[in-house]
Structure formats: C-alpha cells, structure tokens
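What follows is a set of structures to go through.
In the two assemblies presented below, chain A is common to both, partnered first by chain B and then by chain C.
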Partner chain A sequence: MNFKHKYFFLFPGLFVLIGILIFPIIFVVRLSLSGWNSYNPGLDFIGLDNYIRLFTDDPRFWESFFRLSFLSVTTVVLQYVIGFALAHMVWKDIKFKRFFRVLFLVPMMTTPVIMTVIWRTFFHESLGPVNDILSNFGFSPKWLTDPALAKFTVIIVEVWQWTPFMFLLLLAGLLSLPKEPFLAAAIDGASPVRKFIYVTFPLMAPISIGAIIIRLIEASKIMDTVYVLTSGGPGTSTETSSFYIFIKGLREFQMGYAASMSFTYLIIMIISLTIIAKVLTKLLLKE
Partner chain B sequence: MDLVANNLSYKPDDQYHLKDVSFNFKEGNLYTILGRTLSGKTTLLKTIAGLLTPDSGEIEFDGKNFLKIPVWKRNVAMVYQQFINYPHLNVFENIAFPLKQRKIDQSIINEKVMDALKSVGLLGYENRKIQELSGGQQQRVSLARSLVKNAKILLLDEPLVNLDYKLREQLRDEFKNLFSKGLADETILIYSTTDPRETMELNGEVIVLDEGKVLQVGPAKEIFENPNSLKVAEISNDPPMNIIEAKISDNQIRFEGIDVEAPQHLNKLTEDGLKIGLRSSDIELNENGHEFEVELAEISGSETLLHLKRGDTKIIVSIEEVLNFKIHDKVKINFKIDRAYAFYADGKLASSPFGSLNG
Partner chain C sequence: MNKLYTFLKYFFIVFWAVFVVAPFLWALTTSFKDFQSVNGGVTYIPWVDFEPNLEGWKVLIKSPAKGGVDIVEPYFNSLFVTCTASFISIVLGTLSAYALSRYTFKAGFVKNNDITFFFISQRIMPPIVLSIPFFLFLSSINLLDSLVGLILVYIVLLMPIAVWIMVDFFNKVPREIDETALIDGCNPYQAFLKVVLPNSIPGLIVAGMFCIIFGWIDFFFAFILTFTEVQLLPVKIVALNSSVTPWWSLSASALVSVAPLIIVAFIVERYLSKGNLSGAIK
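Take a look at the complex of A and B:
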C-alpha cells in the first residue's frame, strides 16, 4: 500500500482528537497561568502565581487530595474483594447461576445520582429507614453529619454502585481461564482453598490489575456521590479533589486557579497510577 | 494395597460412559486400558482420580471407600493427553507444585524436583517458562510432576497421542524404562491408549473397553492371541483385523469363489454365518495367489497398506516395504490361513490359531 494521499484520511480522527483532547489540555495550561476570576475575566498572564498559591497556601486542596486517595483506594479494594467473591461464587456451578449473575449487575444499571438521592433518604438521621430500624436497638448513628461516619457512608454507596462493574470484569476473566490447570491442581493435592491461592488468583492477576487500574481511575473522580450525599460536608470532611476544584472553578469562578489545580491533579494522577500499575504488576505477576 | 472397583456406571446423558465396570488392580502392576476414542477410557481414569463421581458402583483402595475421599486427598497422579501444566509457573515450580501442597522441606523439594527432571531428561530447563517448551517437553514436565509425588496410583491418559511419531516412539521407550525401574514396585500404573502396538509393547495387563463396557481382561499376549470377540479383535489390531464372511465345508474355506484348505483348528467348524478373521500382516503378495483389485494404497512410514476388493469382500493388506500401486490395479495375494481366526455369527470367538481360550 503506497498511496500518495494516505495521511489525508487521518484528518477526521485527528481533528476530533485535537478538538476534544489536545486543545482542552493546552487551554487549561494557558488558563492556569492567568488570573481569570469573576471580577477580572480574561486570559491575562500572571506567571506561576496560581501554582505558588496552590503549593504554599492551600492546605484544603491537599487535604481533599489525601481524602480522595483514601476513599478511592478503600472503595476499590472493597469492590475488588467483594466483586471477586461474588464472581467466584457464580463462576462455579451453583443453582440459579444466571439469576444471580443478572442480579449482581443491577446496581450498575441504575443512575448513580438518583441512587445516591435514594441512599441519602435511606441514611437520613431522623426520617431514614436505616435509623428507623436501628433505633429499635437503641442506636441512631449520624450517617451524614458525623465527620468520620460520613466518609464511611460515602464508601458504602460507592462500593454498592461500582462493585458490579468489578464483578463483571472479574467474572469475564474467570470464565476465560483454561480449565486444565484446575484439574491438575486437584489431582496434585491442592484443596479448594489452596487451589484458589495458588492457581485461580495467580491466573487472574493480569485481569485483576486491569480491573483495579480502571476502577482507580474512575474512583479518583468521585464527585456525584459526594455532591448529592453530603455536599462535601460536614465541613469539608468528605470533600474530594474534583469536588473542591468544582467549587473553586464553577461556584467561585476562580477559573485560573481551578485550572492550575486541575492540571496539577492530572499530573499527580498520571504519575501515581503509573507507579501503582508497575507495583501491582511486580507484586502479582512477579515480573 | 489393591484398587478394587465394583460395577461402576456413569451415565451423564442418554448414553452410558461406563457400564458395570469392575476390576481388581494390584500394586506393582501395569494396567493398560485399550479402547477406541469415546470408549470411556478417560471417564474411567477420571473416576479413579476423583474428578468424576460414578452414578453407581464403588471403588475401594486399601480397603477404604475411595469415593468418600476428595480428589486432593487421594494421592493419585495423572498425566493427560493434552499437556496440562500451570501456565503461570516455570518448569521447576510446576514440578514442585504437588510437593508444595504438603508440608515438605524446601531442600527435599529441590532434591526431588531435580531427580524428576533428570528422569525425564529435562535438566537445565528448570527456569524456562512452560510456553517456551515444545509439546514433547511439556508432556515430560507433566510426567515429572506426576512422578515427583510418589503417588500410589499413577494414571496416564493417552499421554503420547498428541505427540508426533518420532517423539512418541522415544517417549514410549522412556516410559517402559521408567515403569520397569522400581517405580512400579508399590505403584498401580494405569495407562490408557487407543494404540494396540503401544499396548503390546508395554506388555501389561490389558483391559479392553468399548462403549463403557469391559470386553476382555488379560495379559497383552493373551488379548493379542485370543481376542474373545470380533470387537476385541478389531480394537486390538491396527489396521483392524480383516473380517471375511465364509463357509467351511469339506475342509475348505469358501468365499468369493476362492477355496482355501482349512487348517486343523478351523476344519471342524460347520456353523452358518461364520466369520474368518485374518490380520493384515498375515496376507502376502504372491504370484500364484488369488486376484484382488486395488481400491486404495497408502504408504505409512516404511509400510504400504493395500485396501483390496473382490466381489463384496474388502480386505486390508500391510506390506513391510514401500510399493507403488495404482487404483484398479490387479494384485495376487495368498492367505496365511493357518493364522486365521474364526468367529461365530454373534461375534464370539470360535477358534484361534493359538489354541482355545482358557475354558
């Protein structure tokens, strides 16, 4: 194939790519070097002032970032463990296997924002059914207004919403595994538990790494759940990076500063996810 | 320590995979299960290993009910026709796997794995990945894995069938060496195969299996010399034994206008519907013989297989040299009729050139 104008055909794709990816990133970088806010809209140039402010004078950003790290790692680990357990359960020949497979996917088919509204009602301190039941035993925890418990509530909702996705990926992985090593392991004297540890788990390592990374990327964007459930409260105790950036940028209209936070956030995420992927690969694949 | 089975039956669908299979295997012996594909060989081995539970019947080992013991506690080893290994482990780890499932010192594991590697001729390969090995080497790894645990029962399910011709011969010799090298003293070796030649070479006790049923049990030589039925004669010969419908009268075997003088062991048979069985190697080309037409001539290795036809009678002749024939050529052949078998119309053996059956 040696066609003179072959590169011409790259243009439609390239054009879309530039329009939706390259241009926005470059624009954000330029925006982050400006002092654009509601009093002073426009692309002026203030150098690295926004970045200096971010790194020296904004503990709230870093707090929200570490909170986000905690939330995303915790939820993804829980999603992985629960998702793997459920997938393993319906992978085996059990009764009503198909029914369970569909059942476990239901949360994924719901609209996250609407489900979060329902969860908020669930966990409402005085009107919610959860406390209605718990009050019979003398408990009425402040699910949404206690700083520590509010984080826990966010985790519950996130895990409920996204475990099915993990379940789906891991079930697909399990179903694609070769059957033979399992036959061999049973005969080689491996009990079901050891078979899981020495055969199933290592064989699932590549899929696990993929699933965990995908979910980590998704989970680092936690925003809708927090927005609807607690609005970052009480105080800032459930505020995540994306939510904080949203407040600064689209509520206070400090566009320049929000852009510098977004860009910093992007760089940190790329670096840390690369490291996590490398570490996981080393740990699980022994390579 | 005997492995005894009584009336094992397994019927997962509308067909029996095993039907009333009984046997009594003694330690220190080699048992060959001979049968065509889908005859139930793998099912039987899987049942012994514990991967399948029979619908009825019992298996006892060392006086204990084997069916109540889960697979991983049975202390059996198995080599499959597909080369089954652990794709995520290297050669050393693969072979060490069964040992790692018990509490054994790492130093003893190392020693045993190295011994096993040596006995299958794979020293120096311990750090290779499984996927980097050839089929024959992969099968050696799974053989080593089955040897290393000193199982009381070693099951080999057509271990050579997926290998090429050269490797098969080589590994078959190695198997024979391994089996005779003391390994067999306290082990029950069970080897399944479709290949009669392999069965004869291994020279163990043979169980002929067809459609899930045991047709005949006996030493390899006995099965070869006195197949108790047409079915067994077919299964235990490759190419299958030629079956010719003939009449015997006045000391003559008559078929397709050919008269052959009946040998002593056949001349007293007078029943109708007799079938004469003659191995393809017991027919030879001869200038003064009977004329047949060539239907097909295939050369396999150093042999030529001639498919011949006369009237409704079709026979296969194997000739120990490479010869070229054209289709529809006429050839003349002679029957070594003193090596012929006779079967009754219902398939039972009537007479064999090696003397009658026991009883």
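Take a look at the complex of A and C:
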C-alpha cells in the first residue's frame, strides 16, 4: 500500500488530540511550580515548594488518596463479581432473557450525577423510602451523615451505576467464547461448578483483565457521585483525591498547589494501574 | 441441587432487577407529589397514599421568571454538544483507527501499538488534572462558558473511545476487501469510503453509542467550564438539588434526562444478541 496516504488517515485525529492536550499538560507542570493563588495570581516560580508541602505537610491529600483506592478497589471487585454472576445467568436460555439483559444495561446509560440526586432522596434519613421501610424493624441508619455508612452508600451507588458496564463487557465475552471446550467438558461429564472453574473462567481471563482495568481507570476518577451525594462529608470521610484537588484548586483557588497535586495524582495513577495490569495478567493468565 | 441452583439464580436476577428499578420507580412516584406529600411522611402509591398532580412536570417547561425551571434549553445544549463532539470524535477516531489497523508506523521506538495506547491512555487522565488548565486556557481565548469550548473538551474525552472500539473492529474486517478494491482501481480514500466503511457500520454504531453515552453522562467539565450563558442538563438538574430541593420537579427532570439513553440500551442489547458486539468491545 502507498506510503504517504497512511499519514492522511492517522494525523487528523492524532494532531487534534495532541493539539487540545499538549498545552494543558505542559501548563499543569509549569503551574505546579508556581504559587498561583487568589491573592497572587500569576506564573511566578517557586521551585518545588508545592511538592515539598504535598509530601511533608498534607496528610489530607494522602488520606483522600487511600480512601479513593479503597473505594475504587471495593467497587470494582463488587462490580466484577456481580457483573460476572449476572452475565453468566443471562448467558444461556432463561425466561425473559432479553428483558433482563436490557434492564441490567439501563443504569449505565443514566447520568451518574442525576441518578445520585435521586439516590440522595432515596436514602434521605426521614423522608426516604429506605429508612421508612427499615424503621418498621426499628432501624434508622444515617446513610449520608455517618462517616462509615456514607462510604458504604457511595459504594452502593457506584455499584448500581457501573455494574452494567462490567456486565456488558463480560456478557459480550461469554457470547464470543468458542463452543468446543464446553462440548468436551460435557462429554467428560463435568459438573456445572467444575465447568465454570476449569473452562469458563480461564477462557474469560483475558476479557476479565481488560474489563477490570477499564473499570479501575474509570473508578479512579470517582468524584461526581461524591460531590452530589455527600460533598465529601461528613467531615472528609468520603473525600476522594479528585474532590480534594477540586476544593483546593477551584474553590480556594490555590491553582499552583492544586496543579502539583493533580500532577502527582496522575503519575501515581499511571504507575499503579500499570502494576495492577501486570499483576492481574500474571495471576489470571498463568492458570 | 439443580433445583436449588435454578431457584437461587432466579432469586438473584429478580433481586437485582428490583434494585435496578427501585430508584426509577421512586423518582416516578415522587414526580407526581407536591410539598405536602413529600414532607408529610413517606408515601408510595398515587391516589392511595397521596393525591397526584402534574406540578413537577409543568415547571420543567416554564420560564424561570414565572418560577419554572426551564430545562428545554439545557436539554438542547446537551444534545448539541454530545452529538457534535461524538460526531467529530467518530470521524477523526475512525480515520486514525483505520490507519493504525492497516498501515505500519514507525518513528524511533514508537510503533502502532504505542500510538494506539497513546490514544486510549487519555482515558486514564483524571478530569480534574485537565480541568484547571482548561479553565485558564479557555478563559484566555474567551471560550469559557461557550458551547465550542465544551465541544473541544469532549472531543478529548470521546476520541479515545472511538479509536479503541474502531481499531479492534477494523482488525476484524478482512484486509482482502480493501486490497481487492485497490486492485480494482480505487485510490486508498475511495477504498476506505466505498468499501471499508460500509462494512464497518456495526462497529461505527457501537462506537457512536459509547461516545454518546459518555458525552451525555459527563457532568464534571460542564460543571467547571460553564456558568450562566450555556448550561448543560446535568448541571442544571444538580443546581436544582442545591436550592430548596423541590423533589417533584427534581425527579421529573431526572426522568426526562435519563429517558433518551434508555433507547440506547435496547440497541446495545440487539447488537449483543447478534454477536456483533463481541468483536467491537474487547
């Protein structure tokens, strides 16, 4: 094939993407070396001061980061387990198969913040249906104002919202599996459980890894839900990294410091996601 | 054993279905309530528990001056931004994906896979990292609070998805069909437009739907980069939440905003059942 044409195909997209992105990324790095805040807006140069402050004097950032790791790992594991279970259940013929398939996809199509607004009324302490039902049994949990429970509520909403995505990827994977291994297993008289452990699961490993990584990437950005549901509270108990950077940067206008945090956050994300991808590949593909 | 398994299976499916539907049902019943039936204790069934009225739905199309909410304009803004950004992303993304799937690129240690990874890796970028520079960047070129500014940002969000789905899809379309077209005297552009694209419609539809989903559901950039001139639907609705919280109009507007993409769920399921999705998503 001709040599020059390929660039005409590739470059429009590549250059638009780079064109829109290159300035912001360079700017974040430069901004992180400045003391830009609301009293002193401007690109002065203060060296690594912001980074020194971040690494030595800001436990709140690291707490929010560990909270984010906890939230994203927990939600993704739950989404994977539930998504796989659901996909496996509607994979073969059951009653109302297509109805359930569509239904299980629906939450993913809804806008997270808007559904979170609904969830907020759903979990409302005195006017919401959940506590109305639970109060018959003598419970009235503080879904949004108890620090431990608020995390749990965020997890419920995230799982509701994004299990469909996992479900979609895994069901598409299941539907594309070759038939032969299952025939062989059936001839050998394998029980359903053994069939799942020795045939289905290993065949699904590459798709599982892909799905988990994609969801981890998306989950590591959790912020909309938190903003609407709890605003990071009570206190800072549901505050994630993104949300903390948002408060510092676009609420308190400490642009320089927020830029240094976002750059650090980006680097940590890239490194940890790479490690997780490598570890998962080793664990799941070896068997 | 088998009966137990079947029972558990249906139990779990029904349980999950109820969980999925619950917030929608709650929003639906709330949207017909008024102040009295929201604040006077929890009520569920219209006519039995409370007297339904259409106030929550009516305020949606009233202008703010008359105490309404007016989500019509944000609705069209959202539609316009989502569709334009998706369309541009699909066009550019498809071209790039085609190049990455059919030709070999090499620049130093950078090869095809690295370029593909560069495209897709933009999804890793947390929105917050881009928000601050975009905020300053767009305000410096006077595009803050404008549709064009938002479309630019959404292209960055959506193009990776388009490239990701289309590269996999083109890899599945046999090379022979473009080679035959070239031998028959087409130039590479004709071969692409007349032969490859018509064979890629399922992939294009899937990519398009994903772009529309992820564009439509974005809140963060719309929230940070627009204020009063241009309002997108999610921002408008969340703003309702922070004021006096009229649950009825909140619920009604939420349902209205969620409705169009439910159709997308049906289309996705169709492609899933036909097996077209398995190659497109990997």
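List of remarks:
The rule is simple: the second predicted complex is superposed on the first by the 271 of 287 C-alpha atoms of A that agree within 3 Å, B and C clash if a C-alpha of one lies under 4 Å from a C-alpha of the other, contacts with A are read in each partner's own complex, and residues count from 1 in each chain.
We adopt the following convention: a contact is a pair of C-beta atoms (placed from the backbone, for glycine too) under 8 Å apart; a residue touches a chain by one contact, two chains touch by 3 or more.
The structure displayed is predicted, hence computed values, not measured ones.
Overlaying the two complexes via chain A leaves chain B and chain C side by side, clear of any clash.
When the two complexes are overlaid on their common chain A, residue A:F9 makes contact with chain C while staying clear of chain B.
Of the two partner chains placed around the shared chain by superposition, neither chain B nor chain C is touched by A:A219.
The larger set of touched chain A residues comes from C, when the choice is between chain B and chain C. Across the overlaid complexes, the C-alpha centre of chain A sees chain B and chain C at an angle of 80°, to the nearest 10.
In the superposed model, A:G249 makes contact with chain C only, not with chain B.
With chain A used as the common frame, chain B approaches chain C to a shortest CA-CA distance of 11 Å. Overlap of the chain B and chain C interfaces on chain A: residues 192.
By the touch criterion given at the top, residues 178, 180-181, 183-192, 194-195, 198-199, 202-203, 205 of chain A touch chain B in their complex. Remark: chain C residues 5, 9-10, 12-13, 16-17, 19-23, 26-27, 30, 38-39, 41-42, 44, 92-93, 95-96, 98-100, 102-103, 105, 115, 119, 122-137, 152-153, 155-156, 159, 163, 182, 187-189, 192, 213, 216-217, 219-220, 224, 233-234, 237-238, 240-241, 247, 250-251, 254, 257-258, 261-262, 264-266, 268-269, 272-273, 275, 277-279, 281-282 touch chain A in the complex. Considering their complex, residues 1-2, 5-10, 12-14, 16-17, 20-21, 23-25, 27-28, 31, 82, 85-86, 89-90, 94, 98, 100-115, 117-122, 127-129, 132, 160, 168-169, 171-173, 175-176, 192, 207, 210, 214, 217-218, 220-221, 223-224, 228, 241-242, 245-246, 249-250, 255, 258-259, 262-263, 265-266, 269-270, 273 of chain A touch chain C.
Interface residues of chain B, counted against chain A in their complex, comprise 49-51, 70-78, 80, 82, 84-89, 97-98, 100-102, 142, 145, 149.
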